[in-house]
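Note that chain A is present in both complexes that follow, paired respectively with chain B and with chain C.
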Partner chain A sequence: MLKYLMARNEDIPPGSAAVYWGYSSIVWFVIGTGLGAFNAAKLAFPDFVTGLEFLSFGHMRQVHVMAVIFGWISMAFGMTMMYMTPMLGNTRLWSEKLGVWNAFLWNVGLSLGLTVLWWGMNSGREYSDFPWFIDLYVLLFMTIPLGINVWMTIIHRRTQGIYITNWFFGAGTFMVSIVLLVGNLPEYFHLTGLTEAYLTWWNAHNILGLWITPVGAAIGYYTIPKITGNPLYSHRLGHLHFWSIVVFYSTPASHHLMSAPLPEWLKSFASVEGVLILVPAIAFVSNILMTMQGKWNMFVENLEVKFTVTGCLMAIPLNMQGGFQQTRAINWYIHGTGWIVAHAHLALLGFSTFVEVGAVYFGLQTIMRKKLWSLTLGNLHFWFLLVGFTTYWVSMTIAGLIQGAGKIYEVPYIDVVIAEHPYMIARWLGGSLVFMGNCVWLFNMWMTARAGTVIPAGRMAHELAYER
Partner chain B sequence: MQKKSIVSRGYLLVLVGGMLTGMGNGSVFGIALMSFLGRGGFPDWGGWYGLAYDPHTFSGFIDWCMIVFGMAYVVILSTALVRHNALENAQG
Partner chain C sequence: MNMNFREYKLGSRFFALALGLSMCITLFMPSFDIGSVNATNIAMDKQLWAGHESGFSLDDPLLLGWHKPLKVLLKADPVSGQPMDATYAYVYEKGTPLPNGVLHPDNLGSVAKRLSIDKGHILESNKNTGTVFLVKMDDQKRYYIENASATLGWTPEGVLKTAGDENTQHAAAGKSLFVREGCWWCHTLLPEQTQDWQVFGAPPMLGDFNGESPTAFGSDRKAPDILHVASRNSSKEWMMLHFFNPRLVQPHSIMPRFDYLWGPVDANGQKIDFAKWRTEYNEYREGKRITPPEVPTYARNSEIRNLIDFVMNLK
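Moving on to the complex of A and B:
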């Protein structure tokens, strides 16, 4: 792949950038979940690996979070954008060379950023942990070039309209750059106090609300109609989803700071806007489920559909939790507990990941013209991910409820720690299953590239029977 | 024509997916209800081990809300897939 860095744009085969992004994302997924499982082991067994500063939980947590957000999730987004945007515009990617360079610089920047975090140099701001010079790199060499390629491909499309997926891709790449620019202002200008707190959570909230969840949904709008052969149930519902996200979900942030001395009107405003997330959520879920009409056999037969629809089902509790967790009463109970950690994983490791995995499976087979090497390993990957994630999520949710009750009942902290211990072990087991599943996935995709059956011209990957 | 129905081929998926979907909603309902009702005496907090699954305790009640909602979503998903199976088989 590196040979294309110096090649002329015309000499780079279409889809090369997408393949580079796709395999990078899988490798980062293995690394990110491996780090997560390691961190979970430290919470379950406090004497596990002690005495090494760079392996302490305080150093490792940020590395795990950033590896997953910018490595797995964002690179899988980049992969889908590299192949879905041109396909939906009936054209080629605007610049295959920019795509390849973008993936290369993304990997270099992320490796650099994680190394810096590992050394203990960070901003001290959750979800924007990178120091300022890495933040600038992320903006200039990672998100803006991605946005340019996506936007220029949409502008040079050869179709009359813009399909809903490309609406989200165009807006998502634009919004994430704005979020990273504004959200990191406290680091560039040394803003402190409430301003820093507000901007920190504006950044954290919008990376999830304007990047990870909407782009994840956009991928579902492509994958399900493409594989089932059904047209999208309603383009209008898709537009309702898009505009309600942009209008309702770009403003909340103070709902992360309900106990902070921010103006009360601001917290109430954020709370109401937060509940309104149910509008785009219901629009998305109903649109996808209605698109499945007449093709529900594929829910149990087709690996990509299985991943995508399961992810879509996870969007229901995700948004129900997300919509109501920042109302004052519920927030009072669960704030600062493992319930929030479970919810964050429902967004990233549940909904978004399942939809993305389906799209990466489908995309890599389609671009490389190679049938998936092993359905058995694919199914194993699915079940490792689903059972591992469910174990993790259920145990963390219940542990969070116990922590919340402990807070209300003013139970001594150490007693809450003792009560939580079984759930920390379950969390580690669940996380380890996810990590093992991803190792299986990496092997399966490696074998697909090397030994997958060639897909004949004019056929699609899912139309061919599996061989093993 | 399929020999087995969608639900019989995907019962594990329906079970795990349905429980997961329902339990998330159940946790929100349980928290809202218990926050409204308020706490009882100290022995009712329901933190340690089996007490977290005793519906008479504060935590245990919410956990049971999650389990009941989970089972309800398994039923909803199964019913929907049974009907879709009938429709898809009718179409041949």
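Moving on to the complex of A and C:
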């Protein structure tokens, strides 16, 4: 892949960039979930690997989060953009070379960023932990070049309309760049106090709301119609989804700080807007599920559909929680507890990851023209991820409710720690399953590239029978 | 090129409008509320002891506690040597970046800004020569920052010498450790408004943060809130044991050991044998020893000293 960095744009086979992004994302997924499982072990057994600063919990926790957000999820997004955007515009990617360079610089920047974080060089701001020089790099060499490629491909498309997936891709890359620019102003201009605290959560909220959630959904809008052969149920619901994301999802930042002394009007406003997040959520879920009409057998038979629809189904509890847990009536109970940790994993490891995994499976087979090497391993991956995630989510939700009760009844904190212990073990087991599933995935995709059956011209990957 | 399609032009304009409006409400409008707040005495104390920045900065890129102010307890006047009421002074030695409210007095809010400039002479502070600050109250009970180097002629060297090492707190360097070592992934610095009053103490107020960076509230509480921890436990001895190995004082704790912050030698300059300590501790845990091994006393210039100074400052 690296040989294409110096090749002329015309000489790079179409799809190369997508393959590079795709495999990178899988490797980051393995690394990120491996770190997650390691950290979870430390919360269950605090004396597991001790005495070394570099392997201490406080040094590794943010490395896990940044590796999965910027390594796995965002690179999987890049992968899908590299192949879906041109296909939906009936054209080629605007610049394959930029795409390959972008993936290369992404990997380099992220490796550098995670190294300095690991070292302890961090800004002390959650979700914008990188020091400002890495933040600048992320913006200039990671998200903006990705956006340029997407926007130019959309502009140079050879279809008249723009399909819904591409609205989201175009808007998502634009919005994430704005969010990273504004959200890091405290570091660029040394803003302090409540301004800093608020912008930290403005940034965190909008990375999720204007990047991870909408782009994840956009991917589902492509995968499901494409593989089932059904047209999207309703374009108009798609409109509703898009516009309500922009209007409602971009505003509730301060609901992350409900118990901080921010202006009360701001918190109330955020809460109301936060409930309205249910509008895009319901529009998305119903649109995808209605598109499945008549093809529900594929939910069982086809691996990519299985992943995507499972992800979509997880968006239901995700948004039910998301809409209501941030209201004052509920937030006071579960704020700052494991409940929120469970919710965050439902968003990133549940909904978003499952949809992306489906699209990465589908895209890599389609571009490489190779059938998936083993369905058995694919199914194993699915069940490891699902069982692992569910174990994690259930145990953390229970732990969160215990913490919440401990909090309001002012139970001595150590009793809460003791009561949580079994759930910390369960969380670690769940996380380890996810990690193992991903190792299986990496192996399966590696074998697919090397030994997968060639897909004949004019056929699609899912039309061929699996061989293993 | 199909971008001239009327719907898309309209769509892009609405998109800009919607996103712009959302930014106006969530960024521009709150900036009036937050910007109009006067710093409380808590905020002044905090920004003076924590200094310009506790996270990554060019003055302290590896978060090792470089260029940090010191908080000292003075019991005698550093110029005359006469005894005086115990007073906290904040010492910014030569080369230490000035606190945010002094660099940008607007941060203090209009009243505190005017008092700090007129009565406190903060505009005469100088990074190149070093400055000593105090938090003062005027006769109408309004707080402001005073540049004691300008008003009283106190020099950083003089103040440090008068106070002595035992009255000098490296709390700012300790806050950098709080950020570097990830304490804030488990501990919050934000008692919640709805409960927490009895155990963790009073939640902070709107003006308690001016000039602090980063605020490091923390979001995921796996451990007690420690904004006021020194008010409920002010034993340095307990803290020392607890940081070396939390299971020594709290068998069920999941807090990591921070023994590596002791550095290579103890208070007497003796090399600390960590391997031996761990073996003996394991024997104790398995019931082969009656008492745990002794925790080494930390050296004056060790990182753990800074961290404990920081924790002791969380009143």
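The rule is simple: the second predicted complex is superposed on the first by the 468 of 468 C-alpha atoms of A that agree within 3 Å, B and C clash if a C-alpha of one lies under 4 Å from a C-alpha of the other, contacts with A are read in each partner's own complex, and residues count from 1 in each chain.
Convention: a residue touches a chain if its C-beta (ideal position, glycine included) is under 8 Å from a C-beta of that chain, and two chains touch if they have at least 3 such contacts.
All figures in this text were calculated on a predicted structure; none of them were measured in a lab.
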item	value
Winner by number of chain A residues touched, once chain B and chain C are compared	C
Partner chain(s) touched by A:247 [first = chain B, second = chain C, both, neither]	second
Which superposed partner A:418 touches (first chain B, second chain C, both, neither)	both
Which of chain B and chain C A:297 touches, first, second, both or neither	first
Touched partner set for A:184, first chain B, second chain C, both or neither	neither
Touched partner set for A:287, first chain B, second chain C, both or neither	neither
First, second, both or neither for A:269, with chain B first and chain C second	second
First (chain B), second (chain C), both or neither touched by A:408	both
Touching partner for A:157 - first (chain B), second (chain C), both, neither	second
Which superposed partner A:332 touches (first chain B, second chain C, both, neither)	both
Contacts on chain A seen with chain B and repeated with chain C across the two complexes	332, 408, 418
Interfacial residue positions of chain B with respect to chain A in the complex	2, 6, 9-10, 13, 16-17, 19-25, 27-28, 30-32, 34-36, 39, 42, 44-49, 52, 58-59, 62-63, 66, 77, 81, 84-85, 87-88, 91
Residue ranges of chain A in contact with chain C within the complex	42-44, 46-47, 50-53, 56-59, 61-62, 119-126, 131-132, 155-157, 159-160, 162, 171, 175, 178, 182, 186, 190-198, 200, 202, 243, 246-247, 250-251, 253-254, 256-257, 259-263, 266, 269-270, 332, 335-338, 340-341, 403, 407-408, 410, 413-414, 417-418, 421, 424
Touch list for chain C against partner chain A, complex	1-3, 5, 8, 14-15, 18-19, 22-23, 25-27, 29-31, 33-35, 37, 43, 47, 52-56, 61-63, 100, 107, 179-186, 188, 190, 192-196, 198-199, 203-206, 208-224, 246-247, 250, 252-260, 274, 278
Chain A residues within the chain B interface of the complex	293-297, 299-301, 306, 310, 313-314, 316-318, 320-321, 324-325, 329-330, 332-334, 339, 346, 350, 386-387, 390, 393-394, 397-398, 401-402, 404-406, 408-409, 411, 415-416, 418-419, 422
